[in-house]
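We just call them A, B, C and D in the order they show up, numbering each chain from 1.
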Amino acid sequence: MIPRYSRPAMNAIFEADNKFRIMLEIEILAAEAMEKNGTIPHGIAAAIRQRGKYDPARIEEIEREVKHDVIAFLTNVAEHVGDEARYMHQGLTSSDILDTTLAVQLTQACDILLKDLDSVLAALKKRALEHQDTLCIGRSHGIHAEPTTFGVKLAGHYAAFRRAYERLVFARGHIASCSLSGAVGTYATVSPDVETYVAEKLGLAVESVATQVIPRDRHAFLVGVMGVIASSIENFAIEIRHLQRTEVREAEEFFSKGQKGSSAMPHKRNPVLSENLTGLARIVRAAVTPTLENVALWHERDISHSAVERTILPDTCIVLDFALNRLAQVIENLMVYPERMKKNLESTGGLVFSQRLLLTLTQNGLSREEAYAHVQKHAMIVWESDGQKNLRHEVLNDATLGPLLKDKADMIFDYQAYIQQAPLIIKRAVSE
Amino acid sequence: MIPRYSRPAMNAIFEADNKFRIMLEIEILAAEAMEKNGTIPHGIAAAIRQRGKYDPARIEEIEREVKHDVIAFLTNVAEHVGDEARYMHQGLTSSDILDTTLAVQLTQACDILLKDLDSVLAALKKRALEHQDTLCIGRSHGIHAEPTTFGVKLAGHYAAFRRAYERLVFARGHIASCSLSGAVGTYATVSPDVETYVAEKLGLAVESVATQVIPRDRHAFLVGVMGVIASSIENFAIEIRHLQRTEVREAEEFFSKGQKGSSAMPHKRNPVLSENLTGLARIVRAAVTPTLENVALWHERDISHSAVERTILPDTCIVLDFALNRLAQVIENLMVYPERMKKNLESTGGLVFSQRLLLTLTQNGLSREEAYAHVQKHAMIVWESDGQKNLRHEVLNDATLGPLLKDKADMIFDYQAYIQQAPLIIKRAVSE
Amino acid sequence: MIPRYSRPAMNAIFEADNKFRIMLEIEILAAEAMEKNGTIPHGIAAAIRQRGKYDPARIEEIEREVKHDVIAFLTNVAEHVGDEARYMHQGLTSSDILDTTLAVQLTQACDILLKDLDSVLAALKKRALEHQDTLCIGRSHGIHAEPTTFGVKLAGHYAAFRRAYERLVFARGHIASCSLSGAVGTYATVSPDVETYVAEKLGLAVESVATQVIPRDRHAFLVGVMGVIASSIENFAIEIRHLQRTEVREAEEFFSKGQKGSSAMPHKRNPVLSENLTGLARIVRAAVTPTLENVALWHERDISHSAVERTILPDTCIVLDFALNRLAQVIENLMVYPERMKKNLESTGGLVFSQRLLLTLTQNGLSREEAYAHVQKHAMIVWESDGQKNLRHEVLNDATLGPLLKDKADMIFDYQAYIQQAPLIIKRAVSE
Amino acid sequence: MIPRYSRPAMNAIFEADNKFRIMLEIEILAAEAMEKNGTIPHGIAAAIRQRGKYDPARIEEIEREVKHDVIAFLTNVAEHVGDEARYMHQGLTSSDILDTTLAVQLTQACDILLKDLDSVLAALKKRALEHQDTLCIGRSHGIHAEPTTFGVKLAGHYAAFRRAYERLVFARGHIASCSLSGAVGTYATVSPDVETYVAEKLGLAVESVATQVIPRDRHAFLVGVMGVIASSIENFAIEIRHLQRTEVREAEEFFSKGQKGSSAMPHKRNPVLSENLTGLARIVRAAVTPTLENVALWHERDISHSAVERTILPDTCIVLDFALNRLAQVIENLMVYPERMKKNLESTGGLVFSQRLLLTLTQNGLSREEAYAHVQKHAMIVWESDGQKNLRHEVLNDATLGPLLKDKADMIFDYQAYIQQAPLIIKRAVSE
């Protein structure tokens, strides 16, 4: 992934150094377990732990010759450990080390992503409570519908990221799997207690049935969950992009001083962070299908999944981490314009009250169809006046409706009625 | 979905009759709750329950005129209910009814899919136990690796479908959501207790924040889980297709009497069910991306998701239901050929024992590199003899290795060593 | 595909009747060719043409028994033809008939889609010329940029659909392939001249190398082209959805009389057709990946692609046909509001002229950086005044800029300057 | 993209140096054209060409401050050019430079990919001619069908890559587009002749209608074509993986001396290159959907596509270039085992002749159904004997069939009959 969309901590997880550190740790832990069950002499694990080193450049050099990454790693470690090294990796197969290492990396990645989600949730909660009563128009189909508050809007996104959090915790559980069962997963050359020991030390579960590899439905499910998170990011990003439109301008991304909006049009403040989040969401989602295609390995395994995982798994974690952080900042720093929200709300001459008007009419004896016809007629007049006419005025002057409504107008044309439940909705969401 | 890939029970869930039945039930339950909280007069719910009927053809007719499906439905029901109908749907918005109905349909669909998974699991468990000790070769890269048992292979698939089951139960929890919160989800026209009442009666949870619609990350997650299940189906299907290859022939799909394999080659028995499962998996997976794209609705909602959901949601449930049932049958009826498995296992002249040989050599003083070089040399000779030479014979006749190995040959060249843990692996898997 | 998104002519292409009609025609033409080269006696083709009939229901019945669709078809035809039938299909394999039939169906589908594109192009051309000079704001990032005309906007979509047309013509050429080469494509049982004859009669090219089947990269490429067309549809749909937003309202979908916008808010006019087009685009795009996955059939072929093609190929053609027609209607009937366009254009107090202002300043001695700083300062004041201030007034009253600009203001703040090339752009696009 | 899957020439196209070189060239050419039409003074273009330099590190530094990549580039170039720089980029917008640069990069990438395809085609042609008459079994459903030659199999892949070549040439034409039309594409600040001049010098076509950006359906179509190529690569890779299976072993990837197949099983020769190609194909295909999603930019453009293009466009070109080269090498060096092919062919006791047998029987008076029944009976006996029985022997000893067939056996059971058209098929394919 290009540095532009990377953050150091997530990046480090997928760098050679972290990978080899985990691989070495697994070999050491496996040696400890094998010492315990008597498969290898005592002192091996300690020797590896003491003298075991690896040099990514040297490993690459060896790999060019032997064309096998784990053999290259073991050879390099053996160069430092010396004679005891021949007891290392005994009875294990390359996939045991590689797949368990990947499982550790992915749980590390999940932990960062869960923290990222925490930041997003904290920012959303703070802004939702801040704007609990900030009146604005709710829109369906891009068309003004009824009033709501900006806090309620944010609470909806909060709830989506809460679900994201739950799903990621669940998926982390499904990826945190340790497999040390030897060739084709039969434990023919390694006792099951080695796996149990290593799994416990690494905080992983024992793979129930490994077919040499950890089954790829685990990885596909994790990436699937990431894809859903990406779509929720896109959902928020598109909200901001809409609100920042010139005609709407209810909110804007924070615009720093030196920043230039356009080389030709100096005044332009573009929602570039949110647009970028939209694009990053597409990148993350694109990972879902190839990881699904990786599930159907041939027989006990083939290696077709490897190229996908070498590139797409790190990239996806890195981009999602970056996107969640950018999202948290966008939320944190979002500039909100309550006055503009009010102005937009009022721009349709009270049409937003049409449903309350409709309900009042049906509660006062009109059939749904009659009420609908009456209200539609006046609503269309107001709508087509483009802000010049007002629904309250129109219906009160209607020969039929006027008498019915004259005592009820204040009750009907009342914004507060729409947002009285806002505190409840927000509280319910953010305390879950 | 074309009838070829449909089963009646799943099909029925997505037919007009079931949809309108649920919609009517929601309206009735909502009316009950509104009577309780005094919003509407007593007796409305009972009247609707007694006289409420719907006629899909009539609804379609009305919809052609009003171009609105829920209004068409309500109009048709009102034609049967009479005057009380005007209290029906009060304060609700179309999405309240449509989305809660869809949630009910999808939980019904999940329940069928969970039963399907039960059938698959039962079949896999039965056949895994039956073939617990059926010796066969394990393959990596399509190349013979080491012996395993056919039961272990099946247990691996069992474990994958167990995970599928867990994920689907989890996703069912995330889709079982009831939203009756009115336009833009503010409860401005309907009290929250109506939603609570209806949710409880329907066995759903209350949507934490609805933005008029139930948020689409719920649906995307469910379909994502289905995509992973489809990939596990493909994984099994490809295994069978491999095993049925002419050169392998370790297993075959059941071939019924009248069935014709090929219009030109009468003897051919093709793994057509498993090939079909591969194709069906592609169809299910294809649903993942559009449902992810559905998440980012504009503001409180738009209607772009509707076309996708009308077609792809039912199709995906229907195809997955069909595929899981076909899969259960393939497993149940699979013809397994242990003798052929044995023959294939032996076809490489004992090369499958190379790792045990390697380990014995390193345990007897050779370095890993020396042992590897020795074994590789003989292994290549045997491999290139195409079944004419035998590894045991070769190494026992080697000047260096022969003396080292002569007492250990029976121990090394022993199939049982590879499969001694098979009962444990299978038991552990199927009792989870 | 559900009837809601189907049109009869495209639907008919994929119905049993058309399929069997083509299959029978291929068998007859093949028989004619075989008579010519002496493989079968004279009179067979004529007999089949005279008495050859098929009954979809009967074929289905036979298929249930023999589990083979082509044998079922041949058996049914033979029931009508009688003794001569045994010369039918001689030396051919099922895929020869099925794949050539599918090629004919897909070229028929392409022909309809090309006509659909013609309608879209015609509508776009008409409306583009109509609005050649209709001034409106061009937007980047959703933010007002500089003026353009509505005709130019439409011309851009015209150009995209012209490219779509070219690509579909090209893809039609790649799918119009005839394969009659027998089992595994070796012509061992059928002479190449049979294929040549049938291909010519059907207006198809001879498949260069068939591996029993017509290679699936042909189908994948066609569906890929459809996916790009779908995305261009989405591009237009999103434009309309934006223009119809309450705050923008520069255009609206035609709203018919009886139509109801919302069950709760009678005035609402929602861009439901364009939203639907967005959703339909997702459905079409979802077909791309499974057809790509279909390419890698095993060896000379397997049958995994069949399930995908039975469902997704017809559905994709049908939905795309429906979407293109809906699109043509949306364009044809689109209500355009030039006054509102003008009002929006002016809503930013002349900021849209900032680049012309910038250029004038740099042409009159200021460095780019100086000019940018000056213009940005005033632009921000105007921007933040929310329509109260005006850029022309501000800069003319600036101590530094005023004297520089006083003679040039009319030239700078002139909408015509932006749209003088509109006729050229539109003419160039629509006459291509 | 990680270095493991990169080749230098393709990599260089997407490095900063090449990008800035093209950007500078466009600015210079634009200045030349503007000098011609009198917009800017003479000598500017020469000055930029002479002194114009860029320093990626310095540009990055400036970009961190101004947060705008093109302004950063122009500022850096101006630092070298001096005063004349203020005439540079006049009337242009950032997208003009960025999108035309990207178009140049992508045509460069296409040119490399076309050369790659040439290598693949050359290798396939050579090996197809070499194995024109190498007899082997053709398989459908993974099951032996009828004989073919290995050359015919390769010719099929040759034809697929010929189509790939044609499509890529076509797509190159659609991406080779130059847009220099200023903000929102109206030529308000730049004369159309500048674009015409630059386009001609760069070997590009003039964009018919740019909406500030070059429309993204062009990029989506190109990536779609790459996705189909990737699937054809996968198709070949899976063929090799099948042929190299232990039970099949008709071909093997070249296995270099030092290479180690498995850390535990020294003899194993795994088709790792072909498995890798399968995985790389998944990576390339994954690019198709996000580039399709990029098409629907908002209004005249947004910037959501940028993140996708910065990462996925280079990665896709780089991976596809790498994969095509690897593929050419796999083909070039493939080890083919004709004896093993013959052995497999004969392993089914002559069942491969069943269709010829069937045809002979129908040509000698049996109905298709009778013939089918007879042949199926004997075929099943032979099939179930697992190589012990022979179809020729069986039918000649059949009381009914024996007399009918005794003079025709040599003609029926003749491999040459199946492959007599092989030279024609191959010649026709490779000379296209």
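Just so it is clear, a contact is a pair of C-beta atoms (placed from the backbone, for glycine too) under 8 Å apart; a residue touches a chain by one contact, two chains touch by 3 or more.
Because the structure is predicted, anything quoted here is derived from the model rather than measured.
Over half of the residue numbers found at the chain C and chain D interface occur in both copies, marking it as a same-residue contact. Interface comparison, A-D against A-B: more C-beta pairs in contact at A-B.
In whole angstrom, the spacing between the mean C-alpha positions of chain A and chain D is 33. Centroids built from CA atoms put chain B at 24 Å from chain A. Residues of chain A found to touch two or more other chains are 139-142, 145-146, 183, 189, 241-242, 260, 262, 264-265, 270, 272, 275, 285, 289, 293, 298, 302-303, 355.
Chain contact summary for the complex, chain D toward chain B: residues 137, 139-146, 241-242, 244-249, 260, 262, 264-272, 275, 289, 293, 340, 344, 347-348, 351, 354-355, 358, 372, 375-376, 379-380, 382-383, 386. Interface of chain C with chain B (complex): residues 1-2, 4-5, 65-68, 70-71, 74, 89, 93-94, 182-183, 189, 241, 256, 258-265, 270, 272, 275-276, 278-280, 282-283, 285-287, 289-290, 293-294, 298, 302-308, 310-312, 315, 319.
Residues 78, 86, 90-91, 138-142, 145-148, 152-153, 155-156, 158-160, 162-164, 166-167, 170, 174, 183-189, 192, 208-212, 215-218, 220-221, 224-225, 227-228, 230-232, 234-235, 237-239, 242, 281, 285, 288-289, 292-293, 295-303, 355-356, 359, 362, 367-368, 417-422, 424-425, 428-429, 432 of chain B touch chain A in their complex.
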